[in-house]
Amino acid sequence: MSEKATAVSIRIGSIFVLIGVWYLFAKLMADVEVLPGPLAIAHAIWGVLVEPGPEGKSAYFHVGITLGRTFITFGVAMVLGIAIGLTMGLRKVIEYSMMSLIPLALTMPTILMVFLAVMWFGFNEIGSLVAVVGVVTPYVAVNIFQGAQAMDKSVIDMARVFRADKKMLIRKVYIPQLLPYIFSAFRFAFGMTWKIVALAETFGIKYGIGYMFFFWFEQFNMELVLAWIIMFVILMLILEHGVFARLEHAAFKWRPANKLQT
Amino acid sequence: MKSLNLKPGLVPGVVTILVSLIIWQVASLFFIPVFLPGPVYLIDLIVEVYSDPASYSVIWQTLTRIFNGLVLCMLIGTSIGILMGIRKNFESFMDSWIMVLLTFPAICWAFLSVLWFGLSEWAPMLTVILIVFPFVSMNIWEGTKALEKELVDMATVYRSDKWSMLRKVLIPQLMPYIFSAMRIALSLSWKIVLVGEAFGVSSGVGQKLIYWFEETRVDMMLTWGLSFMVLMVVIELLVFRLWERHTFAWRHQIAN
Amino acid sequence: MPTDKNNGHGNTVVDVKNLTKKFPDPMTGEEFVVLDAISLSVEKGKFASIVGPSGCGKSTLLNIIAGIETHDPSDGGTLDVYSDSEVAEPRVGYVFQNARLLNWLTVEDNMIFALESQGISKDLWRERVDKYLEMVGLEGQQKNYPLNLSGGMQQRVAIARALAIEPDILLMDEPFSHLDEITARKMRFDLMEILMRANPTILFITHDLGEAVFLADNIYMMSTKPARIFKQIEVDVPRPRKPEDPKIFDLEKELVREFFSVLDAQELEDG
């Protein structure tokens, strides 16, 4: 067997090993309230997917709400972060000024930010937006700022010699050079965003996946807590590693394959 | 002309902080302190809270949990990371699961550990361990892989056995990676422990935060949150700066 | 960039008179002279070359002409670039030491970047791209990405990009100095071919006397610290030239001798 085939079969095997261990533990404990087995969970997930849940809201409703919140707040945090990072890179005064506040924002624990946001702006969409922007934007800004500093000055000079106007300069010179940084910000920012949204929903913003975690947690319903967690994690894995990785690949086709690694 | 030897950016930095503080103070005048306390009010409150000796035991409980969690994370994370770096099959077995673990939100582990262990010491610790160790493993795994090729070459040249290679060559060279993993682990774990405490135990700073959150007392939340934040930043800076200088002394000597 | 429209300048495209450039010293704040009363002119359709040792300020001069550095008129001197067209600003093409391509755009889009920046009508893009890529020997590479090309080929794209805007003046700053000698040699031959086909006006900077003698119609020889032009000569050899042509060979030897005598004298002066 080739090295690659071995690796793939081990990877697939690892899934079965995990499910097997889980099954055995569940069997040994024989207590559905502590550790439901994989079959019970599969059944629970199926139930969640086909039957309406509490208050007659389906799983798709909650997933839709969480994804909607995630995408909107993520978009706002990214745009703000890119704008701040870029101005920091272009204007020294802004850099110095922001650099005195950003470390503070970066150390703020997420849970405190979420508490403050919903307290000040209410248990609603604005509250979750402020929480996400408060936590995620500084990270994005710092990342983009580093990208702006790493920009190749000689190419910018070239563009000036050929008299590229501001629009051309931003579209064809700045943004493409920032793109690797934007993408890396994109990836970690998305992961942060949906976790914050879920946390905010847990603390009382109505509906969404986090709301359902808490709902079943308070009823001590282990089966449904696990079912929701597994569904959620699978969904996010697909988004983070399937969809975004593909987008990123398309954006960097100008790099020769052998240089992709670096 | 020789100007004063000021760090560039000091003036705009200080001005920004002062302006922010003034805006905060002025904004606070329009609200009741329970909703939006100003910095002056907050300092008074912090002094008041910390004149009660009971507050120190709250901080101490949380610090203990962070420390225990950190030690366990580093042990588990480092061993898994090294194994992944030197054993190809183990790498294939683990790498997807590390990715999966990195996707888990802290809140999920907090709920699960409470459901499993009830309100016990284990709930916040398990949350910290399960969130932080994948980060540690990632770092160590990358470090080991970076060093592995050299190592294999050397092992064949000197015919050393695996165990002494590991102890005498790999671990010392891994120190920078272990160190940077430790930094990440510390800065993550104290934030995660707050989430774990908020749900899993009835003590510690995290519990204080959720208690005052439920009482809708922003002033008390900020008092606990900000003072703990400052403490952790000071710990991160002091401990790690000193330790880094100590551990990597030989590097500085080379650099000079 | 100081410019003038086409009136009463005859055939001159670039006219530099007594240009002086000073830089403040970053340590002491004192000003020192980089370019000292430089005068030169480039005629339409001619290939002028400035030869001087590395670091003498040649690139600074080129950057001033291109408009990415400024000169203070109060330091003395004038700089005029004339355009053929009555309305448009003069077009300046620039080939740098490194190709400076936008690696995320295809070869074609790199050229279009220059064409669009210069406000050249969209209808002409296709034709210009194809024509000048063919001229530099890269036909069929339109859709390729720069990082898939060798260093020499990247520099060819840079030359095609500069030619495509059909500049009034094409500035070249040691364009072959970062290539290996065999590639550079090939590029010089090909550049000569381009001269004969497209007849652009070129100001070319180099530290390589052989290169200058082989390519240029006239040569300005520059000394260093501060940069002064101490001699101007014409190379009266018809193209195509051959490097082994005795006329070229002798001229190069003579210029080398002259260069060293000037540099030696300067060193003695400096103590």
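Letters A, B and C mark the chains as written, and numbering starts fresh at 1 in each.
As a convention for this text, a residue touches a chain if its C-beta (ideal position, glycine included) is under 8 Å from a C-beta of that chain, and two chains touch if they have at least 3 such contacts.
In this text, all values refer to a predicted model and were calculated from it rather than measured experimentally.
J.: Quick check of your reading of the touch definition: is the inter-chain graph here a line, ring, star, complete or other?
T.: line
J.: Please list the single chain whose C-alpha centre lies closest to the global protein C-alpha centre.
T.: A
J.: Among the chains, which one keeps its Cα centre farthest from the Cα centre of chain C?
T.: Farthest by centroid: B.
J.: Chain A to chain B: how many Å between their CA centres?
T.: Computed value for the inter-centroid distance: 20 Å.
J.: At what distance in angstrom does the C-alpha mean of chain C lie from that of chain B?
T.: Distance between chain centres, rounded to whole Å: 56 Å.
J.: Calculate how many whole Å lie between the centre of chain A and the centre of chain C, each centre taken as the average of the chain's C-alpha atoms.
T.: Result: the chain centres lie 50 Å from each other.
J.: Counting only residues that touch at least 2 other chains, which ones in chain B make the list?
T.: none
J.: Help me check something: in the complex, which residues belonging to chain A touch chain C?
T.: Checking each residue of chain A against chain C gives 154-155, 157-165, 168, 172-173, 176-177, 179, 253-256, 259.
J.: Contact residues on chain B for chain A in the complex?
T.: It is residues 8-17, 20, 35-36, 88-89, 92-97, 99-100, 102-108, 111-112, 114-116, 187, 190-191, 194-195, 198, 206, 209-210, 213, 216, 218, 221-222, 225, 229, 232-233 of chain B that touch chain A.
J.: Over in the complex, which chain C residues touch chain A? Could you list them?
T.: Residue positions touching the partner: 66-68, 92, 94, 96, 98, 100, 102-106, 113-114, 116-118, 145-148, 165.
J.: What residues of chain A sit close enough to touch chain B in their complex?
T.: Residues in contact with chain B: 3, 6-8, 10-11, 13-14, 17-18, 34-35, 92-93, 95-101, 107-112, 115-116, 119-120, 191, 194-195, 198-199, 202-203, 210, 213-214, 217, 220, 222, 225-226, 229, 232-233, 236-237, 240-241.
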